[in-house]
Structure formats: structure tokens, C-alpha cells
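Below is one structure, written out as C-alpha cells, with a few remarks after it.
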Amino acid sequence: MKANPTRPSFFHHLHPPTIPAPQARFRYTLGAGGLSVYLVLLLVITGILEMFFYVPSPGEAAESVQTLAFLVPYGWLVRNLHYWVAQLLVVVAIIHLLRVVFTGAYAPPRRFNYLLGLALLLLSLLLDFTGYVLRWDEGVQWALVAGTNLVKSIPILGEGLYRLVVGGTQPGPAALIRFYAWHIFGLTLALVGVGAWHLFRVRRDGGIAVPPPEARRDASRISRFELVRREALAAILATAVLIVVASILPAPIAPPIREGSPLAAEARAPWFFLWVQQLLKWGDPFIFGVLIPVMVIVLLAGIPYWLPNPRPDELGRWFPAGNRAASLLLVILVIILLLLTILALSPLSTFP
Amino acid sequence: MNKKQGPVSKLHRRDFIMVALKGTLGLSSTLGLIGLIRFLGYQSDPAPQTEFELGPASNFPPGSRTPVPEAQAVLYHMPAGFIALSLVCPHLGCVINSVEQGYACPCHGSRFDAQGQVLNGPAREPMRVLRVEQTPGGQLILYTG
Amino acid sequence: MQTIRLFLASLLLCLSLLGAAWLQSRQPRPVSLLPTLTGQVEYCLTCHADLPEISPSHPVETFGCVLCHGGERLALDADLAHSTMRGGRNPSEFAVVEASCGSGDCHSGTAQDQRDHIQRAVTSVQGTYAGAIASIRFTYGAQSDQTARLGVYPVQDDHLTTATGLASLGTFDPSQESSPSVKAFADYCLDCHLSAEPLPGAQYARLTGCAACHTPTANTDLDQPVHRLTTAIPYTQCNTCHNRGNYDLRQMQFHPRTDQPVDRLHDYYQPIAQFVRCEWTLDCVDCHTRFEAMGDGDIHSNKKEIQYIQCRTCHGTLDELPLTRTIAGQDDLALRMAFLNPVIDLKVGDTVLVTEQGEPLWNTRQLADGAFELFGKATGQRFTFRPVMGTACEQKLDQQESRDCHECHSVKR
């Protein structure tokens, strides 16, 4: 794009003047962090458009979703986009987490930013869950009940926390309005705030993790203009692909929750919580549904602090020797979570 | 090798690609805008009722002046037949009140006589005359559309 | 180079947007309907606009579709739209009939408002199958008398009006039966009542619930949906269940008939039975009354307790004229029934026949010379007949039951 090198635009100014070329390559970062930012932007836009038609009241919520899906011109596109971009965000954020750990890019001074990133992942999962519940149809009924009851299982704080989340003694109109408020405002504000902080810290911590200048084999750099061009390319490409996906694959929809709605034979958690649903088949809700997932988060958060970090000259490439333990731990964790997810998909009647 | 032609053809191609790029981006934006306008233009509320059944004509004796609140109108049985006046103020749409000798709007003080003509006030048009029809069975139907 | 890539990506974006626009243009244009009874817009007509109006009494502008059928009124995807429909193809199935045909303002209420259709049908012998169950259990020693105790579904009646009415029936559970014949009966013979599982196939979908009688499907083009409710029920509809074949009580088997009867008198009915002209000319509904077919509101043990129409109901006896009633006001049930099925132009002041229980035979009228005229409810055909009194009838005075009339009047086949 024609940009004046002596007067960069606001957008160009958000980027450093130059960055090392090897680490700017797709094969190093996979563009996962940047893509996550763009996906959040798409979610905000499609979400705002949905707000013109969605009604957060139990009698009308699912019907307003049907109006969007079938009657509003391009409503199906906006809804499907919002759904697929949201699921993709969770996947891309996890890929970004994997990349950061496998390249050791969490080493000081980036340890705090790593925690911010973890918080963003959690916020994305909560946004995905609250958005899922807003459908208020038979597909989400059990996730709503089980999820809120998990909150109640927390000792001492459980009852109070439940009242805070649900706004009553059982999920109903108050819970729906609260989930709506959290989804469109509370969590979104937190996501944008923590996200801005995360991006600021990227700049302040020295940008994409690179080895110190004396350890670099390739000293070439790319300008902010080239960087912005690459980001624009990725954004346009991603948008096109997502529009095609949203046109072909519909977002899930089911009959509304009503008095006398049939109880689902197999109630399934949303895909990103299937591993928790599997854990819950094994025992106490608090231990398996709250404690263990919290321990997983704590384990992830502890990687930069408790496991060996790579040396500075090892940065800027995949699988340096210095953080083998961390990479191994993450691989094992991912395999376990994948196995739990697969197990969760097997029919309820078979063990485990 | 013709050096003079080389840079010229390169420039030409670069400009063309730039034009093509701007063109496709512009087209995408236009398509997006059209889609957005169609999206936002959808009306989910059903259209309000414009036909009201008032019952048998015999319920409204000659010379009577009967308010019809659900239609925001008032029904007159004149010597010539049935007519109705709309109680929606022609000024800015408030519902006009009935007073002795005519009508008065509570919002900005427009006043009308018993025939709906403007006596004073910011309103410049008289009260709207609405169509009333009688079915073969003697039932009255009021049209506010 | 970079610009080329950007251009190609933008081209892809353009194409994807054009693709989305094309998909949008392929969406069916939603056809809305705002029924006056519900006030909630429905889009069923987007796909189902060619369905015929179900009956003059149920105009679609007033009722819509969802009030009777259930379903998702806003969905244009077939699976989602039909997912919450009641009773599938037949919303009058007894499991869901209260929500579909009942719902307070319609066919569910009290006898006083004459809106107790569902209560009567659900307690009728046709519905409960109590008669067959009681007879079989009595025959094979599972119960000591012929009073019904069980039905195919449990039912209760808190308001008894007849001497033979029962307070309740339990559920007939074959696993609780010990006689092998009763168990065999449960295995082979529970197809024939108003809440049976219909046989597979679209043409059988409406042989349960209210539709079993009121949606005539016999002799129709099976590929066309039979979207109809009527009170003009032809005999072929009754025969869909009542003349399908023969029972073998020893083997507890049902043998469906294999012929395709054409001639009603000679082929349709069983060769051993005797029929008078009424029985092979008129439709079943021309004689059998509302109480007989739909129940009188009480739970009965056997159809003997509910079936009461006789030749003399219309024709009288040698020393008695048939019972009649003159229509006094606009509210008369006879007038309302004639309005629903205008084969006869009944007016206030006309005299119609009535049964011993006071049910008006609204398709009849007394003529000036004391004879009567009758209009076929399904065919509209007009018949005239004289009362027996004063004719050359040779029967004894104390033998005036229907079987006695058949002695002379049955047709030789």
C-alpha cells in the first residue's frame, strides 16, 4: 500500500519501526497471536450485529436466534460467522500458547505477559461458554445446569458465587440476562482490556522473542510497512476463508427450552469443556470439576516460574534445548486433555 | 535488450495491480455495505392492525359520537352515514382528548372543532378522516390504514 | 509481489462475498401468516402453501398451523421446524390431543358447553378398548365377570351419568397376565383402538386419534396428503378398521381380508351376515349417533352398553310413532350440526327425529304428511320413509327389536 515513510499512520505507528525478519516469518510464529486479535475484532462486529435482533428473555431468546438464522437477510451469515470465529479463536489461542511454550518465548522479561495471555485464554473460554448458553435451546440446557451447579460445589464460596452468577436459586430469566451482560459487556471489556495490556507488554518486552543481536545468524529486518502489509494479507485471507466456512457449515440450532421440553438422552458439554465432562464422570464435582481444572491452569501458569527457561541465545526458534521440560509437560498435558475429550464422546453407557 | 521499455512496462503493471487491488477492496466494501443495509432493514415486529370490527351498526344510533380507543378514533353517525375521525394529532402524533365542543391535544395545545377542523395550535392540518364501511350483515368496519 | 498477493486475497474476499450473496438469493422467500387467534406470525406457508384448507370450520387465517400442530413457527429448516410438532403427521393422536384439539377454548370442556369431545372420545370403548380386553380376560379366566377393569391406557371419570359407567380403568399390562391366550391377545390384537401405534406407511398415519374417523383416508390417492377434517364420514372410513378381516379366537390371530371388494352389498360385507337396505345404502354415521361413536362421557365395559340405535328409532313400531322434537331456537344442537355439514337446510320450526336418549337425528325431517326425509351425511342423497304404524307389517307387537325386522327385511344375497 502506498504509505508515506515520513508520516506513518496511527496503525503503522502501533508497530515497531522494524523487526527481525527471521522471527517475523510465518513458520516461526504461525501468525497465531495476530490472528487472535483479528478474530476478536470479527467477533465484536458480528456480535454487535446480532444484538440488533437477539432478545435475552427465556421466552424469546431461541426464537430470536431462529429469526436471525432464517428470516433476516444475511442473518445466517452473521450468526454462522460469529459461531465459527469464536470456536476458531479458542483453537488459535491454544496454538499460540503451544507456540509460545515450544519456542520458550515466555522467558523473562515475558513471564508476566505469559500470564496475561493465559488470562485471555480463560476469558475466551468463558465468552464461548456464555455465548453458548445464550442460545437457550435444548442443546444447551444441561451445560447450563451442570456448569452453574459446578460453581455451587465450591466450598464456602459456592452458594454466594452461584447467586452471583445465576441471579437466583435456579437458572431462569435472571441467569439469562446476567449471562448476556457478561457476554456482551463484562467479559468483552475484560478481554479488550487485558488484550490491550498484553499487546502493550509485547512491545515493551522487546517484541517477538528473538536471540540477542550477537547470536543472530540472519540480521535482516522488515519495516513496519511490510509488517502491516503482511497482517492485512492475513486478515483479508482469513475473512474470505471464514465467510466460505460460514456459508457452508451452519451454526448449531435446536428447539427452544420450554415447559415440558424433552430431556436429552445424552447431554453433551460444549467441545472445549468435554474434558471436564469426562472428569466429572469419575467423582466429586468439586474435585473433578473445579479443583483439577484449576490445577491444570496453575500448572500452565507455573511453567515460566518452576521449569528451566531457555538461554537468551536459544530464543527465536522452535524446541530449543533449554526448555525441554516445559515442552514435554505441555505435550503430555495436551495429550491427556485430548484423550479425555475423546473419551467424553463415547456413549454414556460404556466405561469409563 | 531494450532498457527504455523495461522500467516503463514494470510501472504500468504495478499501477494496474494497485488499481485492481483497490477495485476488489472497494467492491468487497460495497458488497459488505449492501449486505449490512439489508441485514439492518429487516422488520421483525408485525405491522399494526389497520382494520377494526366495531359491531352491528344498530349499536351506534344516529347523531352519536362514540370513541373507539383501540383504533385511536372516534365514530360519528351522521345523517349521511358513518365517518370516523382519527384521534392521532396531525402535528406530532399524540392522542387527542375529547372536550366539549371539540378536541384538544395535551402535548402542544392544538385545538380542533367537533368536525376536526383546526381552531388553533401548532397543528396545521385537520384531524384525519377515516373510512368506515358497512357489511351486508350490518356490521361496521373501521379502516385506519 | 506483495501487492499481487494482496490483490489475490481481496479477489478471494470478493468472491466469498458474492458467494454469500448468491446463497442468500437462493433462500426461500418467507411467506408469513398472522393467525388472529394467536397473534404470532408463522412461516409454515413458505413450504406448505399448497396444502388444502383443512375444513371450513378451521380457516388458516384464524387458526394458523402451529396452534394445532405445534412446531417452530419461525424456522425455515424442515428438521428444526418440525422438531416440536405434536403427534407427527397426526396431532389428534390421543397422547397429544389435549394440546392440539383441546386447549381450553376448543374441543375440551364440559358437557354443558357441548365441548366435551375429547373427554368423550378418550373414555369411549373405541378409545379404551375396554370391551375387548374385558371379554378376553373373562373368557380365559383372568377375571370373574365381564365388567371392565383395564384399558390400553389408564383413564378416570369423576362424573358418572349412566348406570353402567365405571369410575376408572387401569392399564392393561401383558407382563402381569398369566394366561397364554391373554398374552397372545396382547401380542397380536392391540392394533385396533384409537390410541394404537399406526401401521407403518403414510396412509396409516391418521388412523388413530380424532383423525381415525374425521380424516377420511380410505380410497384416497396415497401420495397426496389428506389434510382434511370433516363430519361427513363415509362408510369406507369405518370399514378401514371395522371390516378388515376375520378373528380367530383360538389361535388369537387376525386374518386380514385379501380381496378388493367393489360391490358394497355382495362383496363388501361378511357372507354370513344379514343386511337390510339401510345398512348397505346409508353410511354408518347416518344412523349411529355421536354418543355411540364417540362415547357418552362414561367409561363402559362393552359396546353393548353404548350401542342403542334400533330400526324403531327412525321407523317407530306397530303401536308407537318414532320420537321427534321440534327445533325451538337457534342454539339447538341439530341446527349446529346441520350448519357444519349442510346436506339438509334445517330451520327453526322443523321437526327432527330424536333417539331414546334425546340425541337429535339432525339429518332427518318430518314431512307434512307424517312421512320423514333423510339426507345421507356423506353423500347428500335424499331418502323418504314412512313410520311402521299403520303399515302392513306382520311382526308381533312384542317382537319389534331390530333382529325381528331383519327376519323379513333383510336382503337375499
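Order of writing sets the chain letters: A, B and C. Residues in each chain are counted from 1.
The working rule: a contact is a pair of C-beta atoms (placed from the backbone, for glycine too) under 8 Å apart; a residue touches a chain by one contact, two chains touch by 3 or more.
Just so you know, these numbers come straight off a predicted model, no measurement behind them.
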{"item": "Which of A-C and B-C has more C-beta pairs touching across its chains", "value": "A-C"}
{"item": "Centroid comparison with chain A (C-alpha atoms), farthest chain", "value": "C"}
{"item": "Centre-of-Cα separation between chain B and chain A, whole angstrom", "value": "46"}
{"item": "Length of the line joining the C-alpha centres of chain A and chain C, rounded to whole Å", "value": "58"}
{"item": "Rounded Å distance between chain B and chain C, as computed from the means of their C-alpha atoms", "value": "49"}
{"item": "Contacts with two or more other chains, residues of chain B listed in rising order", "value": "18, 35"}
{"item": "Touching two or more other chains - residues of chain C", "value": "6, 10, 13, 17, 20, 24"}
{"item": "Residue list for chain A, restricted to those that touch at least two other chains", "value": "67, 71, 73-74, 77"}
{"item": "Chain A partner contacts - residues on chain B that touch it in the complex", "value": "18, 35-36, 38-42, 44"}
{"item": "Touch list for chain B against partner chain C, complex", "value": "14, 17-18, 20-21, 24-25, 27-28, 31-32, 35, 46"}
{"item": "Chain C residues touching chain B - in the complex, by the definition given at the top", "value": "3-4, 6-7, 10-11, 13-14, 17-18, 20-21, 24, 34, 41"}
{"item": "In the complex with chain A, residue positions of chain C that touch it", "value": "2, 5-6, 9-10, 12-13, 15-17, 19-20, 23-24, 27, 30, 43, 72, 74-77, 80, 83-84"}
{"item": "Chain A to chain C touching residues, read off their complex", "value": "1, 63, 66-67, 69-71, 73-74, 76-77, 226, 229-230, 232-233, 236-237, 239-241, 243-244, 246-247, 253-256, 258"}
